[in-house]
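Chain nomenclature is as follows: A, B, C and D, assigned in order of appearance, with residue numbering initiated at 1 for each chain independently.
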Amino acid sequence: MIRIGIIGGAGYTAGELCRLLLNHPEAEIVFVNSESNAGNLLTDVHEGLYGETDLRFTDKLPFEDVDVVFFCFGHGKSTQFLSEHYIPADIRIIDLAQDFRLAAEDNDYVYGLPELNRNLICGAQHIANPGCFATCIQLGLLPLAEAGLLQGDVSVNAITGSTGAGVKPSATTHFSWRTGNMSIYKPFAHQHVPEIKQSLRQLQPNFTGEIDFIPYRGDFPRGIFATEVLTCDAPIEEIETLFTDFYSEAPFTHYVTRAIDMKQVINTNKCLIHAEKHGNKLLITACIDNLLKGASGQALQNMNLMFGLEETTGLRLKPIAF
Amino acid sequence: MIRIGIIGGAGYTAGELCRLLLNHPEAEIVFVNSESNAGNLLTDVHEGLYGETDLRFTDKLPFEDVDVVFFCFGHGKSTQFLSEHYIPADIRIIDLAQDFRLAAEDNDYVYGLPELNRNLICGAQHIANPGCFATCIQLGLLPLAEAGLLQGDVSVNAITGSTGAGVKPSATTHFSWRTGNMSIYKPFAHQHVPEIKQSLRQLQPNFTGEIDFIPYRGDFPRGIFATEVLTCDAPIEEIETLFTDFYSEAPFTHYVTRAIDMKQVINTNKCLIHAEKHGNKLLITACIDNLLKGASGQALQNMNLMFGLEETTGLRLKPIAF
Amino acid sequence: MIRIGIIGGAGYTAGELCRLLLNHPEAEIVFVNSESNAGNLLTDVHEGLYGETDLRFTDKLPFEDVDVVFFCFGHGKSTQFLSEHYIPADIRIIDLAQDFRLAAEDNDYVYGLPELNRNLICGAQHIANPGCFATCIQLGLLPLAEAGLLQGDVSVNAITGSTGAGVKPSATTHFSWRTGNMSIYKPFAHQHVPEIKQSLRQLQPNFTGEIDFIPYRGDFPRGIFATEVLTCDAPIEEIETLFTDFYSEAPFTHYVTRAIDMKQVINTNKCLIHAEKHGNKLLITACIDNLLKGASGQALQNMNLMFGLEETTGLRLKPIAF
Amino acid sequence: MIRIGIIGGAGYTAGELCRLLLNHPEAEIVFVNSESNAGNLLTDVHEGLYGETDLRFTDKLPFEDVDVVFFCFGHGKSTQFLSEHYIPADIRIIDLAQDFRLAAEDNDYVYGLPELNRNLICGAQHIANPGCFATCIQLGLLPLAEAGLLQGDVSVNAITGSTGAGVKPSATTHFSWRTGNMSIYKPFAHQHVPEIKQSLRQLQPNFTGEIDFIPYRGDFPRGIFATEVLTCDAPIEEIETLFTDFYSEAPFTHYVTRAIDMKQVINTNKCLIHAEKHGNKLLITACIDNLLKGASGQALQNMNLMFGLEETTGLRLKPIAF
């Protein structure tokens, strides 16, 4: 059994990780650290766990009892935590924040997108788990990058569920405001664009275009749905072959020949992708569950790979569908 | 023109009042007081007002310039405000909080339910505007009380929109939690029960039953929908006549012979009521918009009556319908 | 491997059954019968299945290849189907419609509520799977019935998701009408009341009260949330013990000491129950996922019991939570 | 009083027109034609009208009693209706379908976008009311076209409420499917693109770019929210001045310097527009209520202009806000 510690345990991604791990046949949760909730039951904080666990939050960090820790902090806090705490070198770390996603000289974290870096992940000690938007948008472009087909700027519109904004209540997650509403934020300036470009250039080093990304606030709790448009001369048949081949070994990422809708992936670790040509414009649609393939599910997929387990262990999830 | 001051101007009921008053042909907003927003445009805070006003919030209280003030405080704060500020005796007050709803020796506020107290309201200097749940539930029972037909306990289930919980974000108004969810709060203990009982006893002094009220948190922003069940021997035809007669002069409250649904009243000042007999059980359904007939709309209806205007002035609103 | 046939395969409950069975370690789907969809891929009709199956609908009925068939018809059609088709006697049947739920002289179907009839189900050849509302409402009352504590009428309000109304589009499942709306239907006359009474009388034969049930149309896709009120003199501690003891062996049904909310059970086969006393009134809240514990999940739970499997096989589902 | 006939009276746009006209001080509804509903009360079909009208649908067409008729047909049926019925030449027609929106030799219908064609509308006998998407998208581009600033292709993403799909239930308006879901339809091929291009070329004849329009199905009932991106060298200050000047006389269309959200216009006849520059990309956001400025509200605005009334008569609506 892989012994697991979770730090930053009161947030949405930690809760989702717990919901996954409680059904994982090869893993057990040893501790869930949350200073503000120390002593409380997990079931007091995380929805959906009655009858599944009697575990309580702790303010302790018994690293000696675990094989891997998941950082479920807000962005920027992983670095701070590491500067304040000693973690034994043999403990693996999977960081769900963005602190280590971009390559740097002293950064030994592997960017944890299995479709891109499966072999590196299998041998990694430290993983930087990709961002939710970044996962969805990249998966819709990587096969094109591998074929060197990216040219010009890519126009991306993607809409996210409210869980992407975290558990802390705010004006833009207030139900009264958000329900039946539509708005955008950080257009052309979202923090996930650099990691997307990094991955694309890993496969197509000469790609110098922009990712013109407009993020929308969706009036739904889970999911990301993205449309991506770029100029492309290749015929649709070639595109479809590229995608099908590129993801032929990926257990969760599938190219679909029909139009897709977002709820087809909700509560799963899947990414669905569909492509159409309109004149010389290529339109890609892609969707994921932001808390699963976009966060905790992919983190667990990475853990499975790091520990030599079947990649899908504990991740064959019943889709919500409705 | 009736000159109006609004105090507690940043909340939902104040915003709704502004949206109404800007189209009211006989009223003008003189000031909207909000300490935390002083200097900001109303359009910075209240949705839907672009193009309708250049007014700014103030931290001043120029009572000498107004004929009536609306208190849009949280409950309990009206009393506190009055203890700390002098309001000239000739200024009328309409209090949307619950501070003065229950009769007391030194309480000169008239309970502002026009269907019950129209004549008193017309001559009132001070109005205690009814609670949202209280309005909906009472209107479904008053004709029975007038006929002396209330007996035993009344079983009431009513569901409210998230705007009923106010503008301040909280765990139970977080979109992620509330959307697609259902829950109850304060069962058998909601603060509106005493004012409901007071009104029923005003018409049927011998009513001693309980109002067994279970409030639900609805996953919609506006509206209250209530079902009320009591034992009743009268035939449905008699019930229908009672309701139709009782509300014959009420411009916003209507008895409907078909089943009703909540969106029929959203964005209106209406209350719709329907009744059915099942054996000796009488089932009443009633619905209102909690921010209009349940708060700011009724407050304006009271103002119209106090100032001798046509009761519906500024309140002939297009229903949202969808 | 248990070999499975599904008849009436294009509806919501059939889809949910497929989503469950594709991850069930001891079962395999042999055929999914749907005349109107014969030849089409399951993925063309049922959301969420891309990447999980290449199965196609069939208009054949190869009973010789299966161990059990699930009837996913609309109500009334199971009887008709059986009158028109021969099913070998050794094939087990699990009927999700209501045709065989009420005991009758020539009815050999066991009422498939494991919390009530576990032993009978284990030996059953034919199962009548309970109704969704009936499951939720009964589970909130059975421990009281066993203790002989039911007295007088029970006031029940319960709200259901739109999937309860089936896949066929209609006026009351139109998104434009239903979203943000609230309404009731069939008050005091819902077709599930007789099976509720039957179960209650199985445990408390002298119960003669009414189930005054008001069903609400919820503006959410999945879930049932019920409140049940009855007069009861027993103290809350005794009630809590009754519920905890009654469900001590039930893997999916849990008594919870805190207030519950509906999303805690969505996408699970659980039922959560909470009780409060207010004066001499006992308030029970209970919730389930209408497509799982209220339909396909419970059907699979019954299959597990019939075939001697661990009751929870294939039903340890990640809650949606948000 | 302007006497009004409505044909195709059972659909969403007809219902919205009725809800508006019942409060219009200078107009009265003479007949609402609907063959399938002849004899039924308007309140039986159209939400929100209890207490406002006793009018019934008719299968008659008393053209002699009206000054103007509104065609609320599905697209294509206006032409058919006109070929089958004689309408006296002095009766004005406002057609909400798309039959006459594109200029043609024998087409005397004026394209009814007041911000573009106010003077023509004032003198028109026949109006082709613009499409909902077309209205929102155009209003975000017209000031640029007038200044000759359109160059290259325009990337447009716009999301619409379910009422845009009409009253007839279908798979994609089924609540179970649509709620919490996201999908696109007719990408690069929506029927409103030609009328958008026609308007843009009216102001900038040399515009030859494409409108790369991706329509989204929103999980809300009302509203359209659009983002539009194009290459533009002009500084943001110039853009803001262009928009402010272009719409200086428009009572319902406003340029806003802050980011906008869709609910700010719901239940109003407004269009809000906001612009940002990011590098040499210009991002426009625009939003309307699809049933009001996108259909029935704009139709009434056109009627006001045709009959010499104040443009805003009957259209000063309380925003829903929440």
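Everything that follows uses one rule, which is that a residue touches a chain if its C-beta (ideal position, glycine included) is under 8 Å from a C-beta of that chain, and two chains touch if they have at least 3 such contacts.
The shown structure was predicted, so the numbers you read here are calculated from the model rather than taken from an experiment.
Shared contact partners of subunit A and subunit C, listed by label: B, D. Looking at A-D and A-B, the interface holding more C-beta pairs in contact is that of A-D.
In this structure subunit C contacts its sequence twin subunit D using mostly the same residue numbers, the overlap exceeding half. Mean C-alpha position of subunit A lies 40 Å from that of subunit D. Note on chain placement: the centre of subunit A and the centre of subunit B lie 45 Å apart, centres being C-alpha means.
With touch defined as above, residues shared between interfaces to two or more other chains in subunit B number as follows: 12, 47, 161, 163, 176-177, 179-180, 219-222, 260-261, 263, 266, 322.
Those residues of subunit D whose C-beta lies close enough to touch subunit A in the complex are 155, 157, 159, 176-177, 179-185, 187-189, 210, 212, 214, 216, 218-223, 225, 227, 229, 259-263, 266, 276, 278-279, 281, 283, 285, 287, 322. Residues of subunit B that touch subunit D in their complex: 12, 15-16, 19-20, 23, 44, 46-51, 161, 163, 179-180, 221-222, 251-252, 254, 256, 258, 260-261, 263-268, 270, 272, 291, 316-322. In the complex of the two chains, the subunit B residues touching subunit A come out as 12, 47, 161-163, 165, 167, 169-171, 173-180, 219-221.
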